[in-house]
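Structure first, commentary second.
For clarity, chains are labelled A, B, C, D and E in written order, and residue numbers in each chain start from 1.
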Amino acid sequence: MLIAKVVGSVVATQKDEKLANTKLLVCQIHNHNNEAQDSYVIAVDSVGAGTGDMVLYAAGSSARQTNITKDRPCDAVIMAIVDSWDMDGTDVFKKWSEA
Amino acid sequence: MLIAKVVGSVVATQKDEKLANTKLLVCQIHNHNNEAQDSYVIAVDSVGAGTGDMVLYAAGSSARQTNITKDRPCDAVIMAIVDSWDMDGTDVFKKWSEA
Amino acid sequence: MLIAKVVGSVVATQKDEKLANTKLLVCQIHNHNNEAQDSYVIAVDSVGAGTGDMVLYAAGSSARQTNITKDRPCDAVIMAIVDSWDMDGTDVFKKWSEA
Amino acid sequence: MLIAKVVGSVVATQKDEKLANTKLLVCQIHNHNNEAQDSYVIAVDSVGAGTGDMVLYAAGSSARQTNITKDRPCDAVIMAIVDSWDMDGTDVFKKWSEA
Amino acid sequence: MLIAKVVGSVVATQKDEKLANTKLLVCQIHNHNNEAQDSYVIAVDSVGAGTGDMVLYAAGSSARQTNITKDRPCDAVIMAIVDSWDMDGTDVFKKWSEA
(Lines give C-alpha, C1' and ligand atoms only; values in the text may rest on other atoms or scores of the structure.)
Protein backbone atom coordinates (compact mmCIF):
# COMPACT_ATOMS: atom_id res chain seq x y z
CA MET A 1 0.00 0.00 0.00
CA LEU A 2 1.00 3.60 -0.43
CA ILE A 3 -0.06 6.73 1.41
CA ALA A 4 -2.05 9.34 -0.55
CA LYS A 5 -4.07 12.47 0.05
CA VAL A 6 -7.56 12.72 -1.40
CA VAL A 7 -7.55 15.90 -3.49
CA GLY A 8 -10.62 15.60 -5.70
CA SER A 9 -13.13 13.38 -7.44
CA VAL A 10 -13.96 12.18 -10.93
CA VAL A 11 -17.38 12.29 -12.61
CA ALA A 12 -17.92 9.60 -15.25
CA THR A 13 -21.46 8.80 -16.29
CA GLN A 14 -20.48 6.49 -19.16
CA LYS A 15 -18.71 3.60 -17.47
CA ASP A 16 -18.69 -0.17 -17.12
CA GLU A 17 -21.95 -1.26 -15.51
CA LYS A 18 -20.08 -2.95 -12.69
CA LEU A 19 -18.80 0.44 -11.59
CA ALA A 20 -22.22 1.96 -11.00
CA ASN A 21 -22.51 3.65 -7.62
CA THR A 22 -18.79 3.73 -6.90
CA LYS A 23 -17.03 6.91 -5.78
CA LEU A 24 -13.89 7.67 -7.80
CA LEU A 25 -11.39 9.82 -5.92
CA VAL A 26 -8.29 11.64 -7.15
CA CYS A 27 -5.46 10.66 -4.78
CA GLN A 28 -2.08 12.40 -4.76
CA ILE A 29 0.62 10.03 -3.57
CA HIS A 30 2.75 11.07 -0.59
CA ASN A 31 6.04 9.60 0.53
CA HIS A 32 6.77 8.27 4.01
CA ASN A 33 7.94 11.75 5.08
CA ASN A 34 4.49 13.07 4.09
CA GLU A 35 5.80 15.01 1.11
CA ALA A 36 3.43 15.18 -1.86
CA GLN A 37 4.81 13.32 -4.86
CA ASP A 38 4.31 14.10 -8.54
CA SER A 39 2.13 11.04 -9.04
CA TYR A 40 -1.48 10.15 -8.47
CA VAL A 41 -4.02 7.41 -8.75
CA ILE A 42 -7.80 7.36 -9.24
CA ALA A 43 -9.11 4.99 -6.58
CA VAL A 44 -12.53 3.65 -5.63
CA ASP A 45 -13.46 4.59 -2.08
CA SER A 46 -14.48 1.75 0.25
CA VAL A 47 -14.24 3.51 3.61
CA GLY A 48 -16.03 6.86 3.36
CA ALA A 49 -12.96 8.97 2.59
CA GLY A 50 -13.29 12.60 1.49
CA THR A 51 -11.21 15.48 0.21
CA GLY A 52 -8.31 16.25 2.51
CA ASP A 53 -8.11 12.78 4.09
CA MET A 54 -4.82 10.94 4.20
CA VAL A 55 -5.54 7.39 3.08
CA LEU A 56 -3.98 4.06 2.21
CA TYR A 57 -4.79 2.50 -1.13
CA ALA A 58 -4.16 -1.01 -2.40
CA ALA A 59 -3.44 -1.64 -6.07
CA GLY A 60 -3.78 -4.51 -8.51
CA SER A 61 -5.95 -7.54 -7.82
CA SER A 62 -5.90 -6.67 -4.12
CA ALA A 63 -8.04 -3.67 -5.02
CA ARG A 64 -10.89 -6.10 -5.71
CA GLN A 65 -10.96 -7.66 -2.24
CA THR A 66 -13.42 -5.25 -0.67
CA ASN A 67 -17.18 -5.81 -0.81
CA ILE A 68 -17.51 -2.66 -2.89
CA THR A 69 -14.93 -3.57 -5.53
CA LYS A 70 -15.32 -7.35 -5.80
CA ASP A 71 -15.27 -8.54 -9.45
CA ARG A 72 -15.13 -4.98 -10.77
CA PRO A 73 -12.68 -3.47 -13.28
CA CYS A 74 -10.97 -1.47 -10.54
CA ASP A 75 -7.21 -1.55 -9.92
CA ALA A 76 -6.98 0.78 -6.91
CA VAL A 77 -9.07 1.00 -3.76
CA ILE A 78 -8.90 3.20 -0.69
CA MET A 79 -9.07 0.64 2.12
CA ALA A 80 -8.09 2.79 5.12
CA ILE A 81 -8.15 6.36 6.39
CA VAL A 82 -4.87 7.15 8.13
CA ASP A 83 -5.00 8.54 11.67
CA SER A 84 -1.25 8.81 12.09
CA TRP A 85 2.08 7.25 11.31
CA ASP A 86 5.51 7.48 12.84
CA MET A 87 9.07 6.95 11.72
CA ASP A 88 11.64 5.86 14.29
CA GLY A 89 9.23 6.75 17.09
CA THR A 90 8.49 10.30 15.91
CA ASP A 91 5.06 11.18 14.53
CA VAL A 92 5.19 12.16 10.88
CA PHE A 93 1.46 12.76 10.58
CA LYS A 94 -1.37 13.05 13.10
CA LYS A 95 -4.86 13.64 11.78
CA TRP A 96 -6.15 15.45 14.83
CA SER A 97 -3.32 17.90 15.29
CA GLU A 98 -3.77 19.26 11.79
CA ALA A 99 -7.02 21.12 12.31
CA MET B 1 -6.83 3.77 -12.44
CA LEU B 2 -5.11 6.51 -14.36
CA ILE B 3 -6.49 9.24 -16.61
CA ALA B 4 -5.60 9.09 -20.31
CA LYS B 5 -6.59 10.69 -23.59
CA VAL B 6 -7.49 8.49 -26.52
CA VAL B 7 -5.19 9.59 -29.35
CA GLY B 8 -5.39 6.77 -31.87
CA SER B 9 -6.03 3.11 -32.57
CA VAL B 10 -4.08 -0.04 -33.44
CA VAL B 11 -4.80 -2.43 -36.29
CA ALA B 12 -3.66 -6.01 -35.69
CA THR B 13 -5.14 -8.75 -37.83
CA GLN B 14 -2.85 -11.50 -36.50
CA LYS B 15 -3.70 -11.80 -32.83
CA ASP B 16 -4.77 -14.22 -30.15
CA GLU B 17 -8.20 -15.59 -31.06
CA LYS B 18 -9.64 -14.40 -27.79
CA LEU B 19 -8.99 -10.82 -28.88
CA ALA B 20 -11.15 -11.00 -32.00
CA ASN B 21 -13.57 -8.09 -32.23
CA THR B 22 -11.89 -5.94 -29.61
CA LYS B 23 -11.03 -2.29 -30.25
CA LEU B 24 -7.43 -1.44 -29.33
CA LEU B 25 -6.92 2.24 -28.54
CA VAL B 26 -3.74 4.26 -28.11
CA CYS B 27 -4.08 6.14 -24.82
CA GLN B 28 -1.69 8.91 -23.76
CA ILE B 29 -1.52 9.13 -19.99
CA HIS B 30 -2.33 12.47 -18.33
CA ASN B 31 -1.55 13.56 -14.79
CA HIS B 32 -4.09 14.86 -12.30
CA ASN B 33 -3.45 18.42 -13.54
CA ASN B 34 -4.47 17.24 -17.03
CA GLU B 35 -0.95 17.55 -18.45
CA ALA B 36 -0.05 14.96 -21.08
CA GLN B 37 2.70 12.64 -19.86
CA ASP B 38 5.39 10.94 -21.88
CA SER B 39 3.83 7.52 -21.41
CA TYR B 40 1.03 5.58 -23.02
CA VAL B 41 -0.85 2.34 -22.94
CA ILE B 42 -2.74 0.33 -25.55
CA ALA B 43 -6.09 -0.49 -23.95
CA VAL B 44 -9.16 -2.44 -25.01
CA ASP B 45 -12.26 -0.27 -25.13
CA SER B 46 -15.28 -1.46 -23.16
CA VAL B 47 -17.35 1.73 -23.10
CA GLY B 48 -17.49 3.12 -26.63
CA ALA B 49 -14.62 5.58 -26.29
CA GLY B 50 -13.18 7.39 -29.30
CA THR B 51 -10.34 9.66 -30.29
CA GLY B 52 -10.19 12.78 -28.15
CA ASP B 53 -12.05 11.30 -25.18
CA MET B 54 -10.56 11.56 -21.72
CA VAL B 55 -10.91 8.13 -20.13
CA LEU B 56 -10.02 6.02 -17.12
CA TYR B 57 -8.27 2.73 -17.68
CA ALA B 58 -7.68 -0.15 -15.29
CA ALA B 59 -4.55 -2.27 -15.55
CA GLY B 60 -3.50 -5.77 -14.61
CA SER B 61 -5.96 -8.52 -13.77
CA SER B 62 -8.60 -5.85 -13.13
CA ALA B 63 -8.54 -5.22 -16.88
CA ARG B 64 -10.25 -8.59 -17.34
CA GLN B 65 -13.30 -7.82 -15.21
CA THR B 66 -15.45 -6.38 -17.98
CA ASN B 67 -17.71 -8.57 -20.13
CA ILE B 68 -15.63 -7.65 -23.16
CA THR B 69 -12.23 -8.56 -21.66
CA LYS B 70 -13.07 -11.54 -19.44
CA ASP B 71 -10.47 -14.34 -19.75
CA ARG B 72 -8.60 -12.50 -22.52
CA PRO B 73 -4.88 -11.70 -22.71
CA CYS B 74 -5.54 -8.02 -22.06
CA ASP B 75 -3.80 -6.03 -19.33
CA ALA B 76 -5.47 -2.64 -19.81
CA VAL B 77 -9.12 -1.71 -20.33
CA ILE B 78 -10.92 1.59 -20.73
CA MET B 79 -13.74 1.27 -18.21
CA ALA B 80 -15.01 4.86 -18.05
CA ILE B 81 -15.24 8.04 -20.10
CA VAL B 82 -14.45 11.03 -17.91
CA ASP B 83 -16.96 13.90 -17.82
CA SER B 84 -14.98 16.02 -15.39
CA TRP B 85 -12.74 16.02 -12.37
CA ASP B 86 -11.83 18.58 -9.77
CA MET B 87 -8.97 19.21 -7.40
CA ASP B 88 -9.67 21.03 -4.14
CA GLY B 89 -13.06 22.08 -5.45
CA THR B 90 -11.82 23.59 -8.72
CA ASP B 91 -12.61 21.91 -12.03
CA VAL B 92 -9.49 20.66 -13.77
CA PHE B 93 -11.36 19.20 -16.74
CA LYS B 94 -14.90 19.51 -18.01
CA LYS B 95 -15.86 17.61 -21.13
CA TRP B 96 -18.58 19.96 -22.24
CA SER B 97 -16.70 23.22 -21.87
CA GLU B 98 -13.99 22.09 -24.23
CA ALA B 99 -15.97 22.17 -27.45
CA MET C 1 -0.47 -3.49 -23.49
CA LEU C 2 2.64 -1.83 -24.83
CA ILE C 3 4.13 -1.79 -28.31
CA ALA C 4 7.48 -3.51 -28.80
CA LYS C 5 9.78 -4.62 -31.60
CA VAL C 6 11.04 -8.19 -31.64
CA VAL C 7 14.83 -7.91 -31.77
CA GLY C 8 16.05 -11.37 -30.80
CA SER C 9 15.44 -14.61 -28.94
CA VAL C 10 16.58 -16.39 -25.80
CA VAL C 11 17.85 -19.97 -25.57
CA ALA C 12 17.30 -21.63 -22.21
CA THR C 13 17.47 -25.41 -22.01
CA GLN C 14 17.22 -25.57 -18.19
CA LYS C 15 13.81 -24.16 -17.39
CA ASP C 16 10.58 -24.89 -15.59
CA GLU C 17 8.97 -27.91 -17.23
CA LYS C 18 5.82 -25.93 -17.95
CA LEU C 19 7.82 -23.72 -20.29
CA ALA C 20 8.90 -26.53 -22.59
CA ASN C 21 8.26 -25.70 -26.25
CA THR C 22 7.70 -22.02 -25.74
CA LYS C 23 9.49 -19.41 -27.84
CA LEU C 24 11.11 -16.67 -25.75
CA LEU C 25 11.58 -13.42 -27.67
CA VAL C 26 13.59 -10.31 -26.79
CA CYS C 27 11.26 -7.34 -27.24
CA GLN C 28 12.44 -3.74 -27.20
CA ILE C 29 9.69 -1.44 -26.04
CA HIS C 30 8.64 1.44 -28.31
CA ASN C 31 6.61 4.50 -27.39
CA HIS C 32 3.46 5.61 -29.15
CA ASN C 33 5.56 7.72 -31.55
CA ASN C 34 7.39 4.52 -32.54
CA GLU C 35 10.64 5.56 -30.90
CA ALA C 36 12.67 2.71 -29.36
CA GLN C 37 12.86 3.00 -25.59
CA ASP C 38 15.68 1.93 -23.30
CA SER C 39 13.63 -0.91 -21.86
CA TYR C 40 12.79 -4.43 -22.89
CA VAL C 41 10.89 -7.52 -21.93
CA ILE C 42 11.35 -11.21 -22.64
CA ALA C 43 7.95 -12.45 -23.80
CA VAL C 44 6.52 -15.79 -24.83
CA ASP C 45 5.23 -15.75 -28.40
CA SER C 46 1.62 -16.87 -28.96
CA VAL C 47 1.04 -15.55 -32.48
CA GLY C 48 4.00 -16.57 -34.66
CA ALA C 49 5.98 -13.34 -34.31
CA GLY C 50 9.55 -13.08 -35.56
CA THR C 51 12.51 -10.72 -35.53
CA GLY C 52 11.61 -7.30 -36.87
CA ASP C 53 7.88 -7.56 -36.14
CA MET C 54 6.15 -4.80 -34.22
CA VAL C 55 3.98 -6.50 -31.62
CA LEU C 56 1.73 -5.93 -28.63
CA TYR C 57 2.49 -7.75 -25.42
CA ALA C 58 0.36 -8.19 -22.31
CA ALA C 59 1.98 -8.40 -18.89
CA GLY C 60 1.12 -9.88 -15.52
CA SER C 61 -1.60 -12.46 -15.01
CA SER C 62 -3.08 -11.44 -18.37
CA ALA C 63 -0.01 -13.02 -19.95
CA ARG C 64 -1.38 -16.42 -18.94
CA GLN C 65 -4.69 -16.10 -20.80
CA THR C 66 -3.52 -17.60 -24.10
CA ASN C 67 -3.68 -21.32 -24.79
CA ILE C 68 0.10 -21.38 -24.99
CA THR C 69 0.78 -19.67 -21.66
CA LYS C 70 -2.08 -20.94 -19.49
CA ASP C 71 -0.89 -21.90 -15.97
CA ARG C 72 2.74 -21.26 -16.86
CA PRO C 73 5.28 -19.11 -14.99
CA CYS C 74 5.19 -16.47 -17.72
CA ASP C 75 4.54 -12.77 -17.04
CA ALA C 76 4.64 -11.42 -20.60
CA VAL C 77 3.08 -12.71 -23.81
CA ILE C 78 3.03 -11.44 -27.37
CA MET C 79 -0.68 -11.56 -28.20
CA ALA C 80 -0.78 -9.54 -31.43
CA ILE C 81 1.34 -8.53 -34.41
CA VAL C 82 0.78 -4.87 -35.22
CA ASP C 83 -0.18 -3.96 -38.79
CA SER C 84 -0.42 -0.23 -38.14
CA TRP C 85 -1.41 2.44 -35.69
CA ASP C 86 -2.32 6.08 -35.99
CA MET C 87 -2.31 9.12 -33.78
CA ASP C 88 -4.84 11.87 -34.42
CA GLY C 89 -5.63 10.35 -37.81
CA THR C 90 -2.03 10.18 -39.07
CA ASP C 91 -0.31 6.82 -39.50
CA VAL C 92 2.61 6.39 -37.14
CA PHE C 93 3.49 2.91 -38.33
CA LYS C 94 2.42 0.81 -41.30
CA LYS C 95 3.84 -2.66 -41.63
CA TRP C 96 3.60 -2.87 -45.37
CA SER C 97 5.16 0.46 -46.23
CA GLU C 98 8.35 -0.39 -44.37
CA ALA C 99 9.72 -3.08 -46.69
CA MET D 1 10.59 -9.59 -3.37
CA LEU D 2 12.53 -6.55 -2.31
CA ILE D 3 14.54 -5.83 0.83
CA ALA D 4 13.25 -3.12 3.17
CA LYS D 5 13.86 -1.76 6.64
CA VAL D 6 10.93 -1.36 9.01
CA VAL D 7 11.00 2.30 10.08
CA GLY D 8 7.57 2.90 11.59
CA SER D 9 3.92 1.97 11.73
CA VAL D 10 0.56 3.32 10.60
CA VAL D 11 -2.54 3.79 12.77
CA ALA D 12 -5.84 3.58 10.87
CA THR D 13 -9.01 2.95 12.84
CA GLN D 14 -11.35 3.47 9.88
CA LYS D 15 -10.50 0.70 7.47
CA ASP D 16 -11.96 -2.17 5.49
CA GLU D 17 -13.33 -4.74 7.95
CA LYS D 18 -11.12 -7.45 6.47
CA LEU D 19 -8.08 -5.52 7.69
CA ALA D 20 -9.06 -5.59 11.37
CA ASN D 21 -6.21 -6.76 13.59
CA THR D 22 -3.49 -6.38 11.00
CA LYS D 23 -0.25 -4.54 11.73
CA LEU D 24 0.63 -1.95 9.07
CA LEU D 25 4.34 -1.17 8.93
CA VAL D 26 6.21 1.61 7.14
CA CYS D 27 9.01 -0.05 5.18
CA GLN D 28 11.82 1.88 3.53
CA ILE D 29 13.15 0.01 0.51
CA HIS D 30 16.87 -0.81 0.41
CA ASN D 31 18.90 -1.89 -2.59
CA HIS D 32 21.04 -5.02 -2.77
CA ASN D 33 24.02 -3.05 -1.43
CA ASN D 34 21.91 -2.21 1.65
CA GLU D 35 21.59 1.46 0.75
CA ALA D 36 18.28 3.07 1.72
CA GLN D 37 16.28 4.11 -1.32
CA ASP D 38 13.90 7.03 -1.71
CA SER D 39 10.90 4.75 -1.86
CA TYR D 40 8.71 2.95 0.64
CA VAL D 41 5.75 0.66 1.01
CA ILE D 42 3.17 0.14 3.73
CA ALA D 43 3.07 -3.63 4.30
CA VAL D 44 1.05 -5.94 6.52
CA ASP D 45 3.26 -7.90 8.89
CA SER D 46 2.91 -11.70 8.86
CA VAL D 47 6.07 -12.69 10.72
CA GLY D 48 6.36 -10.56 13.86
CA ALA D 49 8.64 -7.89 12.40
CA GLY D 50 9.38 -4.67 14.29
CA THR D 51 11.09 -1.33 13.85
CA GLY D 52 14.69 -1.71 12.75
CA ASP D 53 14.26 -5.16 11.23
CA MET D 54 15.46 -5.81 7.70
CA VAL D 55 12.68 -7.71 5.96
CA LEU D 56 11.52 -9.10 2.65
CA TYR D 57 8.12 -8.11 1.35
CA ALA D 58 6.05 -9.58 -1.46
CA ALA D 59 3.78 -7.38 -3.55
CA GLY D 60 0.66 -7.82 -5.64
CA SER D 61 -1.57 -10.88 -5.41
CA SER D 62 1.30 -12.77 -3.79
CA ALA D 63 0.80 -10.54 -0.77
CA ARG D 64 -2.46 -12.38 -0.12
CA GLN D 65 -0.91 -15.85 0.19
CA THR D 66 -0.24 -15.76 3.93
CA ASN D 67 -2.83 -16.87 6.47
CA ILE D 68 -2.98 -13.32 7.81
CA THR D 69 -3.59 -11.61 4.46
CA LYS D 70 -5.72 -14.17 2.59
CA ASP D 71 -8.63 -12.51 0.71
CA ARG D 72 -7.82 -9.08 2.14
CA PRO D 73 -7.33 -5.79 0.26
CA CYS D 74 -3.60 -5.87 0.92
CA ASP D 75 -0.98 -5.53 -1.82
CA ALA D 76 2.20 -5.88 0.25
CA VAL D 77 3.14 -8.32 3.00
CA ILE D 78 6.28 -8.83 5.06
CA MET D 79 6.87 -12.55 4.69
CA ALA D 80 10.43 -12.89 6.07
CA ILE D 81 12.85 -11.24 8.47
CA VAL D 82 16.30 -11.16 6.92
CA ASP D 83 19.21 -12.59 8.92
CA SER D 84 21.84 -11.86 6.30
CA TRP D 85 22.60 -11.71 2.63
CA ASP D 86 25.77 -11.84 0.60
CA MET D 87 26.92 -10.69 -2.80
CA ASP D 88 29.64 -12.64 -4.57
CA GLY D 89 30.47 -14.44 -1.33
CA THR D 90 30.86 -11.30 0.82
CA ASP D 91 28.31 -10.49 3.52
CA VAL D 92 26.41 -7.30 2.77
CA PHE D 93 24.26 -7.48 5.90
CA LYS D 94 24.37 -9.60 9.03
CA LYS D 95 21.68 -9.07 11.64
CA TRP D 96 23.75 -10.13 14.60
CA SER D 97 26.86 -8.10 13.90
CA GLU D 98 24.91 -4.85 13.86
CA ALA D 99 24.06 -4.62 17.59
CA MET E 1 10.30 -11.75 -17.88
CA LEU E 2 13.55 -9.90 -17.37
CA ILE E 3 17.14 -11.09 -17.53
CA ALA E 4 19.14 -11.05 -14.30
CA LYS E 5 22.43 -12.31 -12.92
CA VAL E 6 22.43 -14.28 -9.68
CA VAL E 7 24.86 -12.42 -7.39
CA GLY E 8 24.10 -13.76 -3.92
CA SER E 9 21.58 -15.31 -1.55
CA VAL E 10 19.45 -14.33 1.41
CA VAL E 11 19.25 -16.15 4.77
CA ALA E 12 15.94 -15.73 6.58
CA THR E 13 15.06 -18.19 9.32
CA GLN E 14 11.94 -16.34 10.47
CA LYS E 15 9.59 -16.44 7.51
CA ASP E 16 6.12 -17.45 6.43
CA GLU E 17 5.76 -21.21 6.90
CA LYS E 18 4.88 -21.64 3.22
CA LEU E 19 8.36 -20.45 2.32
CA ALA E 20 10.18 -23.20 4.21
CA ASN E 21 12.81 -24.91 2.07
CA THR E 22 12.90 -22.31 -0.64
CA LYS E 23 16.16 -20.79 -1.90
CA LEU E 24 16.08 -16.99 -2.00
CA LEU E 25 18.55 -15.54 -4.50
CA VAL E 26 19.74 -11.96 -5.00
CA CYS E 27 19.35 -11.18 -8.71
CA GLN E 28 20.80 -8.08 -10.35
CA ILE E 29 18.75 -7.08 -13.36
CA HIS E 30 20.52 -6.76 -16.73
CA ASN E 31 19.27 -5.05 -19.86
CA HIS E 32 18.98 -6.66 -23.27
CA ASN E 33 22.53 -5.54 -24.07
CA ASN E 34 23.72 -7.48 -21.00
CA GLU E 35 24.59 -4.37 -19.02
CA ALA E 36 24.00 -4.62 -15.27
CA GLN E 37 21.27 -2.26 -14.12
CA ASP E 38 20.94 -0.47 -10.80
CA SER E 39 18.00 -2.63 -9.77
CA TYR E 40 17.52 -6.06 -8.27
CA VAL E 41 14.98 -8.56 -7.13
CA ILE E 42 15.01 -11.34 -4.55
CA ALA E 43 13.62 -14.39 -6.34
CA VAL E 44 12.83 -17.96 -5.34
CA ASP E 45 14.83 -20.46 -7.36
CA SER E 46 12.88 -23.19 -9.18
CA VAL E 47 15.55 -24.44 -11.58
CA GLY E 48 18.77 -25.02 -9.64
CA ALA E 49 20.38 -21.65 -10.40
CA GLY E 50 23.53 -20.52 -8.62
CA THR E 51 25.77 -17.51 -8.24
CA GLY E 52 26.99 -16.23 -11.58
CA ASP E 53 24.18 -17.72 -13.64
CA MET E 54 22.25 -15.52 -16.05
CA VAL E 55 18.59 -16.28 -15.49
CA LEU E 56 15.06 -15.27 -16.42
CA TYR E 57 12.63 -14.46 -13.66
CA ALA E 58 8.87 -14.03 -13.77
CA ALA E 59 7.14 -11.55 -11.46
CA GLY E 60 3.69 -11.14 -9.95
CA SER E 61 1.12 -13.92 -9.85
CA SER E 62 3.04 -15.72 -12.59
CA ALA E 63 5.76 -16.30 -10.00
CA ARG E 64 3.42 -18.76 -8.27
CA GLN E 65 2.97 -21.05 -11.28
CA THR E 66 5.89 -23.39 -10.55
CA ASN E 67 5.52 -26.45 -8.35
CA ILE E 68 7.93 -24.88 -5.86
CA THR E 69 6.12 -21.55 -5.51
CA LYS E 70 2.46 -22.56 -5.87
CA ASP E 71 0.24 -20.77 -3.32
CA ARG E 72 3.22 -19.15 -1.61
CA PRO E 73 3.76 -15.45 -0.78
CA CYS E 74 6.39 -15.14 -3.49
CA ASP E 75 6.29 -12.46 -6.22
CA ALA E 76 9.41 -13.41 -8.21
CA VAL E 77 10.67 -16.79 -9.39
CA ILE E 78 13.66 -17.86 -11.43
CA MET E 79 12.08 -20.09 -14.05
CA ALA E 80 14.96 -20.48 -16.55
CA ILE E 81 18.74 -20.44 -16.77
CA VAL E 82 19.81 -18.57 -19.88
CA ASP E 83 22.21 -20.31 -22.27
CA SER E 84 22.37 -17.44 -24.76
CA TRP E 85 20.46 -14.68 -26.42
CA ASP E 86 20.93 -12.71 -29.59
CA MET E 87 19.88 -9.35 -30.95
CA ASP E 88 19.46 -8.93 -34.70
CA GLY E 89 21.26 -12.22 -35.26
CA THR E 90 24.35 -11.36 -33.18
CA ASP E 91 25.00 -13.18 -29.89
CA VAL E 92 24.81 -10.85 -26.92
CA PHE E 93 25.51 -13.56 -24.35
CA LYS E 94 26.69 -17.14 -24.59
CA LYS E 95 27.06 -19.12 -21.39
CA TRP E 96 29.78 -21.42 -22.63
CA SER E 97 32.09 -18.84 -24.14
CA GLU E 98 32.37 -16.95 -20.89
CA ALA E 99 34.42 -19.46 -18.87
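The rule is short, and it goes like this: a contact is a pair of C-beta atoms (placed from the backbone, for glycine too) under 8 Å apart; a residue touches a chain by one contact, two chains touch by 3 or more.
Predicted model only: the values in this text are computed from it and were never measured.
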Point to revise | Least step count from chain A to chain C, where 1 means the two chains touch | key: 2
Revision key, fill the gap. Fit chain C to chain E (C-alpha, same chain sequence): the rotation, rounded to steps of 5 degrees, is 70
**Study point:** Same or different contact residues where chain E meets its copy chain D, judged by the half mark
**Key:** different
Study note, to complete from the structure: Distance between the CA centroids of chain C and chain D (whole Å) is 33
Review point. So how far apart, in whole Å, are chain A and chain B when each is placed at the average of its C-alpha atoms?
Key: 21
Practice item. Would you pick out the residues of chain A that each touch at least 2 other chains? Key: 60-61, 63-64
Check your understanding: What is the order of the chains around the ring when you begin with chain A and head toward chain D?
Key -> A, D, E, C, B
Exercise for review: Would you mind writing out the residues of chain A in touch with chain D in their complex?
Suggested key: 1-3, 31-32, 46-48, 56, 58-66, 69, 77, 79-89, 92
Point to revise | chain E residues touching chain D - in the complex, by the definition given at the top | key: 7-16, 18-19, 24, 26, 28, 38-43, 51, 59-61, 63-64, 71-76
